[in-house]
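Each of the next two complexes has chain A plus one other chain: chain B in the first, chain C in the second.
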Partner chain A sequence: MAVHRGRGFAAINYPIGMNLGGDPSQALVHSNPDGKFTVALSAIDLGQGMKSVTRQIAAETLGIPIDDVYVDTADSDTGPHDMGSFASRGTHRMGNAVIMAAQEARSVMLEAAAEELEVDPGDLVTDGRGNIHVRGAPSRSITTMAAAQAAQFKQGRTIAGRGIFLIPLSEVDPETGEMTPVSTFAHAAMLVEVEVDDETGEVAVTDMQSAYEVGRALNPGLVEQQLRGGAWMGMSHAAWETTEPYYPARDHGPVDFNHYLMPGPGDLAPHHISVLERPAEDGPYGGKGPGEMCANPVLPAVVNAVYDAVGVRIDELPVTPEKVLRGIRANGGARPRQAL
Partner chain B sequence: MNAVTGGFELRKELFADEREENLNEIGKRTRRQDIEGHVTGRSPFYDDHLFDGLLHMRYVRSPHHHARIRRIDTSQAERMPGVVRILTGKDVPQNLNTLLSLLDFGLDDEPVLSDTKVAYRGEPVAAVIAQTEAQARAAVKAVRVDWEPLAHVLDVEEALAPGAPTVCETYPGNLFVYHGKYNHQKLRYGDVEAALASADHVVEGRYQMSPIEQAPIETCGAIAAPEQNGRWVCYTSTQALFFSLGTAAKVLATPSSRLHFVGGTVGGGFGGKVDSIHEPLAILGAMLTGRPCKSMWDREEEMQVGAPRGAERWYLTDGVMDDGRIVARKFTGYFDAGAYTRLSSYAIIKAVGHLPGPYTIPNVHADVHCVYTNRTPATAMRGFGITGVDFAIEAHMDKVAETVRMNPVDLRILNAYRDGDMKAHRRLAKNCAFIECCQVVAEKAGVTIKPESRAASSLTGGGGERARLPARTATDEHGRVEGFSSGSYAQKGGAPAPAPAGVPTAPQPARPPSRSSQPAPVSQGTPAPPREPAQSGAPPPAPERPAASKDRPRRSGAMRFSSISGFRRR
Partner chain C sequence: MAKKPVTVTLNGTERAGFAEPGQNLLDFLRRGLGDLSPKYGCGQGTCGACTVTIDGQTHLSCLVLAEAADGRAVGTAAGLADGARLDPLQDAFMENFAAQCGYCTPGMLVSARALLDRNPRPTRAEIVEAISGNLCRCTGYEPIIAAIEAVAEERTRP
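Then we have the complex of A and B:
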C-alpha cells in the first residue's frame, strides 16, 4: 500500500463574450462640478472586480487620476442597458463601452480647457495626475477641476459621454455549423501534480503550474485573484463536487456544505501562475477576460495526473475514492507510470 | 513567491512587440473600489434591504420526478396564522416562459408555478406568502396537492430511447429543435468517416461531466416592494439586471417602465444568478398583497432546486497518424438540460463553435443534443458550454498521446491552432497564444519537449494550406424534425406584449383579484406558415429574410436569434 505521485497536463482556449454577438453593453460618463467623474453602468460586480476594472479603464481614457472616478452601477433607473455579467463578457464588452463614453467626455473636457488656455484642443494632453497642458509646454496648463468648473459655470458645456459596444448578432448554418462565434480567445495551459493513495483511493492535488494568456492584464491583482480562485474551483470540480454523486440517479444529493464537499484552506494546492499578454485587437486596451477559463484546464489535468500516478482512467467526474479504488482493483493493482 | 498560494509572474517578454507599456492606470494593482465595504461587512447586498412589514414567500414543491397535478387545495393553509396569500399558476399573468425568449431563442416551455404537471422533483406549484418565514414554512406543509405520479426518465440516452416518457410537452421528442429543422446542432467540416478510415490509429472515448452547484455564499433571491407613482422596486442578486427586468416584465405582463431594479453587488454568482426565478415572483407577491415581499432560496433549495451546471456526456473518436497528427475528430454530445430549456440550448451553440478545441484538424464532425430529463433544469455556470467538452477533449488528448507514444505537450503543440488557420466553424484563427502557454508550462515544470516544439510559434507556420476550407464536406439530413418551422420571426425590433386586463398595473391595496378577471395567457405561440424544407444535399441556405409579420404577434425582445431557433410549433 502506497501513495503514488503523478503529473497531468492539459491546455485550452476560451471564447470571450456571448457566442454569436448581439450582446451590447452601454456606459454613461459625466463630470461633476469639481472635475470628478461618475461612470453609470448596469453591470454586476460578482466579486470579480467589475466596478474596479471599469474605473481603471475610465481613468485611463479620461486621463485623470483613479481617485477622480467613481463607478455607480446596477440601478435600472440611472444605468444604461447591459446584457449582464456572464460569458466572460464584462471586461471585454463593458470595457469598450466605457472607453467610448470616456473618449467623448474627454474631448469636451479638452475643448473647455482649450477655451480657457486659448489654444487648440488638439494641442492638449493630460498628465494623468489631474492636469491638462499644451503638448511640450507643461507650464501652459489648467487643472481638470478648473476646466470642469469653467465648462459648467462659465462656458455652459456638459462634460459627458455615451458609449456602447456591440458585436452584431450573427447566424449559424444548420447544415455545417458555420458561424462567427466570438472575436477573441483567451488561452491556458496547466500541469498538476497529484498524490493517489492506493489503499483509500483518495486523491490530493499537491501542486499546479500554469500559464494563462489574457490579452492584457488590466489589473494584475484582479487577474491573479480570478485565476487563483478559478483554478481551485476547477480542482474542486475535478475531485470533490457534485450535486448528484450517483448521476443520473438523484439519490444522495447534498443539501448543505456538510455534504456538498469542497476543499477547505488546508486542501488547496499551491498554484504557480504565469500570465501572458497578447492584446486582442478589439479588447479594451487589449484585455480579454480571465473569468471563466481559469477552471477549465484543471479538470482534465487532474484525471490525466491520476492516470500517470496509478494507471486508472477516470472518464466520469468527479474523481472519487470509490472510482479510483474500483479502477485499481480492475487493473489488479496500481500501475504507476510517471511518464510526464 | 508565496509557499502556500504559489507565485505569480507576468511574462512581459512574450508578445512584447504587440503591446505598448505607456499607460497610467491600466496594468496597476489598484485596490477595488468597494473593498472597504466588503471587508468591514458594510456593503449592502439585496438581503440587506429590509422593509417594515416585509412578507416572506416559501414554495410548495413536487416530491415526484414527474407527476400530473390533479388538484391543489390551499384552503387549510390559507387559514393558518400569518398567511396573507397563496399564489398558484393561475395568479401568474404569463405563466409560461423560456428564459431566452428575450433573445427570441426557443419556445416558452416552463411554467413559473406549475398547475397541470411537474417534471422534476422540487418544481414549485404554489407560493405561500406569510408574515414570517416560519409561518410560511408551516403553511407550505398544509397545502394539499393531489398528485398522479408518471413514469420518469433521468438518463440522457434513455430519454431518447423509443417509449421514453415525454418530459416537456413543448418538445415531445425530449430534444430541443435547432433551426426548426434538426433535433441537434450539427458541425460538418471535411469528411470525418473517410479520414478515420485512412488514419493509422482510431482512439475512442466516452466522458461524463458531473452536475455541479454554483455554490455562492449568498443564495439567490429578490425583495420587491411597491414604490411611489405606480412602480415597483426590486432589490436582486441577479447577474444580469436588464435580463431579469425584461423577464419580470414579460411574466407579469407589465411595462418595463414600471419596474425599478437595483442590484450590482452580488455575493457570488458563477452563472447561477441569471435564471431570474425570484424577481417576477417577489414582484407578483408585492403586486397582489400591496406589501414588500421577499423570495429567497435556503441552502437546500440553492443546491437541489437552483439550477446546477448540467451534466454533459461526450463521445469522442479521433483519427491519428503515427507521427501524432490528428486528421479527424468526431463528437457526439448530450447536454442534460433537465426538465426545461433555460440556457442549455444556447450553450450547445457555443460548444459547437468551440470544437474541436484549440487544434487545427482537417476533418471535424459533431452532433450535439439538448436533452430533456426529469431533473432540476440546468443552467449557466462558469465556462458554460465549454468546460465539459474541454474536459473530454483534454482527457482524450492524453489517450491519443499514449497511443502514438508521444509526450502530451509535444502532441498538443504539433496539433495546435496558429494565426491564419481555418477553424472548423469556417473562420480564420487570429491572436493565438496556445503554443506559448504550453511552452511556458513545460519550461516551468521541467517537462522536456522536442526542439521543434520549443521553436514553434503561434505567429508562424499557420495559414497557407492550413487556411483552406476542405475540398469536400460530407453533409446529411439525419435528425430531421417535422412540425416546427424556422425563420418565423426573423424580423428586427418588436413590441412589448400587451398587458392583459385584471393584473394591477400600479401598486394598490391588497385585494385578491376575482377569478373571472384573470387574463388568459398572452399568446406567444401563434403558428407561423410552414417553410419549405431545404432540399437534401443543397448548399447551405442564405441567411433568413425577415418574413412578413402581418398575421403574427410581435414578441418583445432585445434581438433575434433567427436562424438558430426562430421557430414555432406548427
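Then we have the complex of A and C:
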C-alpha cells in the first residue's frame, strides 16, 4: 500500500459571452452637478469585481479621477437592460457599453467646457485629475465640476451618454455550417500534481501551476484573486463536490453543508499563477475577463494526474475515493505511469 | 408563550429587545437589534456566516437561543471598526483581496479577531483551525489566511 504521485496537464480555450451573436448589454452615464458621474448598469457584481472594473473603464474614458465615478448597478427596475452576469461576459460586454456611453458623455462635457472657455471643443483635453484645459495651454482650464454646473444651470445641457454592446447575429452557411460563433476567446493552461493513496483511494491536489491569457488584466489584483478562488472551486468540482454521487440515482445526495463536501482551508494546494497579457482587439482597453474559465482547466488536469499516478482513467466527476479504488481493483493494482 | 426581554452589551453598548419564544440570537441581532453584520447561511451550524462572540468566545449565533445571551457581551463584525478607523484585520482583508461576494466575511473577521485576541502570533495551522468552521465559496481561503497572517506578522514587529 502506497501513496503515488502524478502530474496532469490541461489547456482550454474559453469563449467570452454567449455564442451566435446578440448578447446585448447597455450602460447609461450621466454627470451630477458636482462634476461627478454616475454609471447605471443592470449587470450584477456578485464578487467578481465588475463594479470596480466598470468604474475604472468609465474614469479612463471620461478622463476624470476614479473617485469621481459612482457605479450604480443591479437594480433592474431602474437600470438599462442587460443580459446578466454569466458566460464570463461582464468585463467585455459591459465594459464596451460603458466606453460607448462615457465617450458620448465626455463629448458633451467638452462642449460645455468649450462654451465656457470660448474655444473649440476639439482643442480640449482632460488631465484625469478633474480639469479640462486647452491642449498645450494648461492655464486655460476649467474644472469638470464647473463645466458640469455650467451645463446644468446656465447652458441647459445634459452631460450624459448611452452605450450598448451588441454583436451582429451570426449567419450560418447552410452548405458548410460555417459561422462566427464568438468574438473573443480567452486561453489557459494548467499543470497539477496529486497524491493518490491506493489504500483509501483519496486524491490530494498538492500543487497547481497555471498560465492564463485574459486579454489585458484591467485590474491585476482582482484578476489574480478570481483565478485563485476559481481554481479552488475547480479542485472542489474535480475531487469533492456533487449533488448526485450516484447519478442519476439521488441516493446519498447531500442535503446540507455537513454532507456537501468542499475542500476547507486545510486542504489547499499552492497555486502559482502567470497572467499573460495580450490585449483583445474588441475588448474594453483590451480586456476579456477570467470568469468561469478560472475553474475549468483544473478538472481535466486532476483527472489526467490521477491517471498518471495510478493508471486509473476516471470519466465521471467527481473523482471520489470509491471510483479510484474500483479502478485500481479492476486493473489488478495501482499502475503508476511514471516515477516522479 | 410570552416574549422575553433580553438585554445584551452589543459591541460595548447596552441594547435591549424582546425575544420571541425560541428565537435564535442571529435573528434577534438582525431583526430585533438591527445589526445586519452576522449573516444567515444555513441556520444549522455548518457555515459560520453567523459567527459572533459571547463574552469573548466565538459562537454560531444561529444555534444560540437569544435569551441565553441575556446579560452577556456580544461582539459582531459591526463592532470591529472604531468609527471610520478600520480594524487592522479589515484593512488586511482589503489589501489581500480576501473578500469577493463578502457573505462569509463578517463571520471570518469575527473568528480571526477572536483568534488574534487569544493568540497574537498564530501559526498557519492555528489560523486554518480557527477559520475551519467558516465556509467561503469564492476566495479559495488562501487570501483570507494571508490577511490574518499579515496582521499577526505586523504585531510581532517591534
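Here is the rule we go by: the second predicted complex is superposed on the first by the 328 of 340 C-alpha atoms of A that agree within 3 Å, B and C clash if a C-alpha of one lies under 4 Å from a C-alpha of the other, contacts with A are read in each partner's own complex, and residues count from 1 in each chain.
Note that contacts are C-beta pairs under 8 Å (C-beta built on N, C-alpha and C of every residue); 3 or more make two chains touch, one makes a residue touch a chain.
Keep in mind that this is a model prediction, so the values were computed, not measured.
Contacts of A:G221 after superposition on the shared chain: both chain B and chain C are touched.
When the two complexes are overlaid on their common chain A, residue A:H237 makes contact with chain B while staying clear of chain C. Contacts of A:S31 after superposition: neither chain B nor chain C is touched. In the superposition on chain A, contact is made by A:P318 with chain B only, not with chain C. Of the two partner chains placed by superposition, only chain C is touched by A:N258; chain B is not. In the overlay built on the shared chain, the residue A:T91 is in contact with neither chain B nor chain C. Using the contact criterion defined above for the overlaid structures, shared-chain residue A:F9 touches chain B, although it does not reach chain C. Contacts of A:T144 after superposition on the shared chain: neither chain B nor chain C is touched. When the two complexes are superposed, the chain touching more residues of chain A, out of chain B and chain C, is B.
In the superposition on chain A, contact of A:G229 is made with chain C only, not with chain B.
Across the two superposed structures, the residue set of chain A contacted by chain B and also by chain C is 46-47, 49, 221-222, 224, 228, 230, 233, 256-257, 262, 268, 271. The touching residues of chain A, when paired with chain C in their complex, are 46-49, 221-222, 224-226, 228-233, 256-258, 262, 264-266, 268, 271. Interface residues of chain C facing chain A in the complex, by the touch rule stated above, are 41-42, 44, 46-47, 97, 99-102, 125, 127-129, 131-132, 135, 137-145.
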